[in-house]
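See structure below.
Going by the order they are written in, the chains are A, B and C; count residues from 1 in each one.
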Amino acid sequence: DTGAQRFAGLDYEPMMDVSDDPVRTRVNKFRVETEDGKHRFGIRGRLMTDYAFVQDPFTSTDDEDADDGDLARYGTIIRRARLGALGVMYDNWEWQLEVDFRDDEVRFANAYMAYLFDNGRLAVGHFKEPFSLESSTSSRRISFIERAAPVDAYRPSRQIGLMYETLVPDYYAAIGAFGGDGVARDRDVTEGYSLAARASFAPVFDAEQDLWSHLGVSANYRANAYEWDRSGGDQKEYESVRMRTRLGTRAVDGRMIGENDMENVKDFTTVALEGGFGVGPFSVQGEYIRQDLNRDSNSDGFDGEPGDDVTSMTSEGYYVQTSYFLTGETRNYRPFSGDFGATRIQSPLSAGGRGAWEVLARFATADSYEHHNREDRQKLDHYTLGLNWYPEDDIVLKLNVMYVDAQRGEDGFGDGRKDWDSMVYAARFQFEF
Amino acid sequence: DTGAQRFAGLDYEPMMDVSDDPVRTRVNKFRVETEDGKHRFGIRGRLMTDYAFVQDPFTSTDDEDADDGDLARYGTIIRRARLGALGVMYDNWEWQLEVDFRDDEVRFANAYMAYLFDNGRLAVGHFKEPFSLESSTSSRRISFIERAAPVDAYRPSRQIGLMYETLVPDYYAAIGAFGGDGVARDRDVTEGYSLAARASFAPVFDAEQDLWSHLGVSANYRANAYEWDRSGGDQKEYESVRMRTRLGTRAVDGRMIGENDMENVKDFTTVALEGGFGVGPFSVQGEYIRQDLNRDSNSDGFDGEPGDDVTSMTSEGYYVQTSYFLTGETRNYRPFSGDFGATRIQSPLSAGGRGAWEVLARFATADSYEHHNREDRQKLDHYTLGLNWYPEDDIVLKLNVMYVDAQRGEDGFGDGRKDWDSMVYAARFQFEF
Amino acid sequence: DTGAQRFAGLDYEPMMDVSDDPVRTRVNKFRVETEDGKHRFGIRGRLMTDYAFVQDPFTSTDDEDADDGDLARYGTIIRRARLGALGVMYDNWEWQLEVDFRDDEVRFANAYMAYLFDNGRLAVGHFKEPFSLESSTSSRRISFIERAAPVDAYRPSRQIGLMYETLVPDYYAAIGAFGGDGVARDRDVTEGYSLAARASFAPVFDAEQDLWSHLGVSANYRANAYEWDRSGGDQKEYESVRMRTRLGTRAVDGRMIGENDMENVKDFTTVALEGGFGVGPFSVQGEYIRQDLNRDSNSDGFDGEPGDDVTSMTSEGYYVQTSYFLTGETRNYRPFSGDFGATRIQSPLSAGGRGAWEVLARFATADSYEHHNREDRQKLDHYTLGLNWYPEDDIVLKLNVMYVDAQRGEDGFGDGRKDWDSMVYAARFQFEF
């Protein structure tokens, strides 16, 4: 007798009836679907292995003691290792449960269920707050090893929340409410919340001509997490706010923006203006991001002297990047989600070809020079040249050569130096399944 | 040539022969089974996303400083995110390997192999100690957002152990021996052990009439973990014993029972008396739980003054809860395992229906007022009204409105107050696959 | 309409086309393969549950305070719980992503992609450095509960790196370069690197006669991780080097070798000489391992007095083990990878047989008596008798009875004793899927 029959009278879960659905199966990017399309199941993951080397050929600058010691000279890391399941149940209920194992820690990536309407979806769970062209694009699809400095520094994290977004061909709009950050295990903290919205459309789009364009705007208001300070009366003690970006790689951990947290922040609003254009193998994209932070002068630890302790600060930045596929491919811009999907390789290695080759350049700048502590202010100009090789769909080798030009306030980089500039060489090998 | 043939002479694992079993496949709750039923494989998981809001409208009470600061006003958490594999090998070897990613930490849920006999199973690995109707019921199947306070506080955790349990239609009996708790990485600790047993049957059961009943008893003896205290001679130093329950939600972390651990505990015995009854859409269930703790007056840190430091303590509690399906469903009581399985929805959304609607009420009380430290004793009365919506099988939205009435010893809740009462509003969205 | 058709114009990932590959499926050890063999996907895992009991019947010795307190008397652990996916894409790209959940922590096991050439593979990612017969053999396939003491103590860990290895029938050769250890989150540490090579062949091999032999050699050079010590000038501060082995079980954590780390180590070279021979149910294997460590006399914390602080040290050890299958099986030696694969059971339980029964004996010795700190030197002789029962392929129950005879320098085991000997009883139940 079969397993299902063996303890059949007992409703014993390990022996649950398997029922023999007629199915379609896809092996690469494993998916199984019932023939009526009402149920789907899949396993997916990604692995990104990075190496970086930091060189400082400029004897007139000081790269020592970027923190309280030297930076590492080189490093290897598993930047992202994600494993998860996804599916659709009962025709309209789409879900993911994906875990991120980078850095020896465990975090959630996507962990949600969404109800699919005819022209949109309502999601509840843990996912990205809708914000920015580059932030919305999956880490599997971004052009460089890391996202541009201002996006990396100022974008919101994934959070637990509720979001409605459109699923229509020509434009994208999303609105959501999200819970808060920095709460891990501190039971006294009220975790803050955010309201987030993003909208974009393609002024020009012609898939047959390989022509696309993108205009978008994102806005995000976040009320900061806090706990009440009992000893000091009814004052709130806010969680530190950390807006951080590094050298354009995580394999060496040099914190160029956000080395020092911002304190007493009550709330902050972040906006992004997004643009992009592509024709055939050529594309350009850019974004301007601005973050206005309000500090609570009644909060615990606030100085109280207006001259010494500012009540508002602005950080901002922008980037422009361009890409050219030497082998003729086109970036896969998707108007329905306002982001980029996978580029399909014209002549993969497995078909006897040379894969796709892409050359890239980017300038990015991030400015957190308005810091409540003058000693902790920071600025970064970041120049990157890139070369990507896609031997097959789903496999990429990236090389980035970067020049990093950073400035700090009185606190400096050590030995009294306030300027730091250096070459950074980084490589990534990534695949997805 | 196929992969299997390519390095065939080499027994190279990634190219292991796939062998083309004739299979049955189920997509929703992914399972694959060989046609002879001897081998099965599946992937399963669950995701529970919670939100809670704590209100204190009672100006005569003090909800400040329930710990050393205020509680959070609200919170969002991923309460359980589990992902794992399960299967059957060689007809009789059933296994699971399931990981729990809640709270940014990783724990094991079920991780075991069991040999299936004709009328029972012998399991070795990590799984629940057999105890209590509500504890034995999967978190996917419990009626409220959290288990009743005395079950949550006093029930044993999952442990590594050995267990035999019956697999027969009409009753359930289990006996097991388990290793210990609180050993993580402390190499000097001898981890304790437990002996656990549970038995239940259905005095009245008629599936066709939607009529069920449950009577059960559980008992658990645990010898506490300890290390030898060399400096103090041959005395044992016992691990702290933590019997904790919160506000009826984990999204705000208010520790109503078990705020303070019990020290010098040598061993403890926990018993549960279980009862339940259901007819059609109506059901009621309840349990009484009692825990007797013995303290070792020769152990390190014990006061030695009999008047100051008691040698035995009793905690106890009970709950009664009732449920009514407005849409006519019946709770899926399973006499063979003495717990509840999934309720099957009569008119799901995907079939044009409204899903299942269930209204619930519960009273629970837990009493840890016998504490060796008079200042740390605690009591809790917990009232809950609930509404559950099951749009489909495997998907539930829960709303719980709770009134919490707690008392403490001299240590109090801050400002000298020994009473705390508050409204708590909690919501959960959960799905399983 | 099917899911794939529903949002077809939108390239919406959750509704990605499933495409209906013609497939082969294997249920036990779940694998799916396209009929042309170009794509494969699988899920795999292992679970090892251990119990150990430590007895000290020798009143003339002192087993107290092996650390700063007594060892635990007994313990239960999940020694390895691994879950992961693996596959082949586009015919030539083989990959794994496997996570290890032992000890409540998360680590990576294999996480790589390799390109398959006709006679070899080039891998990038996280995997074992090629070293030693016993280290190269999967933990699922080793004979005893733990690897022999000198292998366990001196072998390299898995690292991020690049490796080429042969895939030919008669011999094995591998060469690789790897990044470093001990970097977790310390941003100032430059992580070190290693160069690793291994080669082996079978002087005599006749599969039909169940006759095999193995000769191999491994060598590994590792430059140690360091950070610059700014306050002390240009001196490097090296990471501590930990070469550790325990009692032959991890369920009780007694550190017999490597209780104390080695400091100021600049680099070290480890070599292994490997041999093995088997005929029918009988086999013997053994290895000699030697590790030469160089210390940097200019590094931070180095004493500077040549008599007090040595500049080089050697650790070494060897083991010999033998096995006999009472039920006639043969160890599955694989010349193409220079390691052992799964032994195939002749008469499994599910076919009405008694499974396979194997008796084993091992002597292992490890000597870290050359320690820069005379008080911290350590030696270990480790004797093991073993009994393995394989009821089915992929399921093993192991029993090990061990006698441990250890010595330490002035620091001792407590109460001034420098000798420690004890019986250790350990059991494991493991399965893989």
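The rule is short, and it goes like this: contacts are C-beta pairs under 8 Å (C-beta built on N, C-alpha and C of every residue); 3 or more make two chains touch, one makes a residue touch a chain.
Fair warning: this is a prediction, and the values are worked out from it, not measured in the lab.
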Query raised in the report: Do the two copies chain B and chain C share over half of their interface residue numbers, or under half; same or different?
Result: different
Report task. Can you grab the rotation angle between chain A and chain C? Superpose on CA, round to the nearest 5°. Result -> 120
**Report entry** Distance from chain C to chain B - Cα centre to Cα centre, in angstrom
**Finding:** 35
**Report entry** Multi-chain contact residues (two or more partners), chain C
**Finding:** 25, 32-33, 38, 40, 43, 91, 105-106
Query - Of all residues in chain B, those that touch chain A in their complex - result: 24-33, 35-38, 40, 43, 45, 47, 49, 51, 64-65, 67-78, 81, 83, 86, 88, 91, 94, 96, 101, 103-106, 167, 169, 252-254, 332, 334, 336-337, 341, 348-350, 391-392, 394-395, 414, 429, 431, 433
Query raised in the report: What part of chain B is in contact with chain C in the complex they form?
Result: 1-7, 9-21, 23, 25, 32-34, 38-41, 43, 84-85, 87, 89-93, 95, 97, 99, 105-108, 111-113, 124-126, 159-161, 179-180, 183-185, 187-191, 227-230
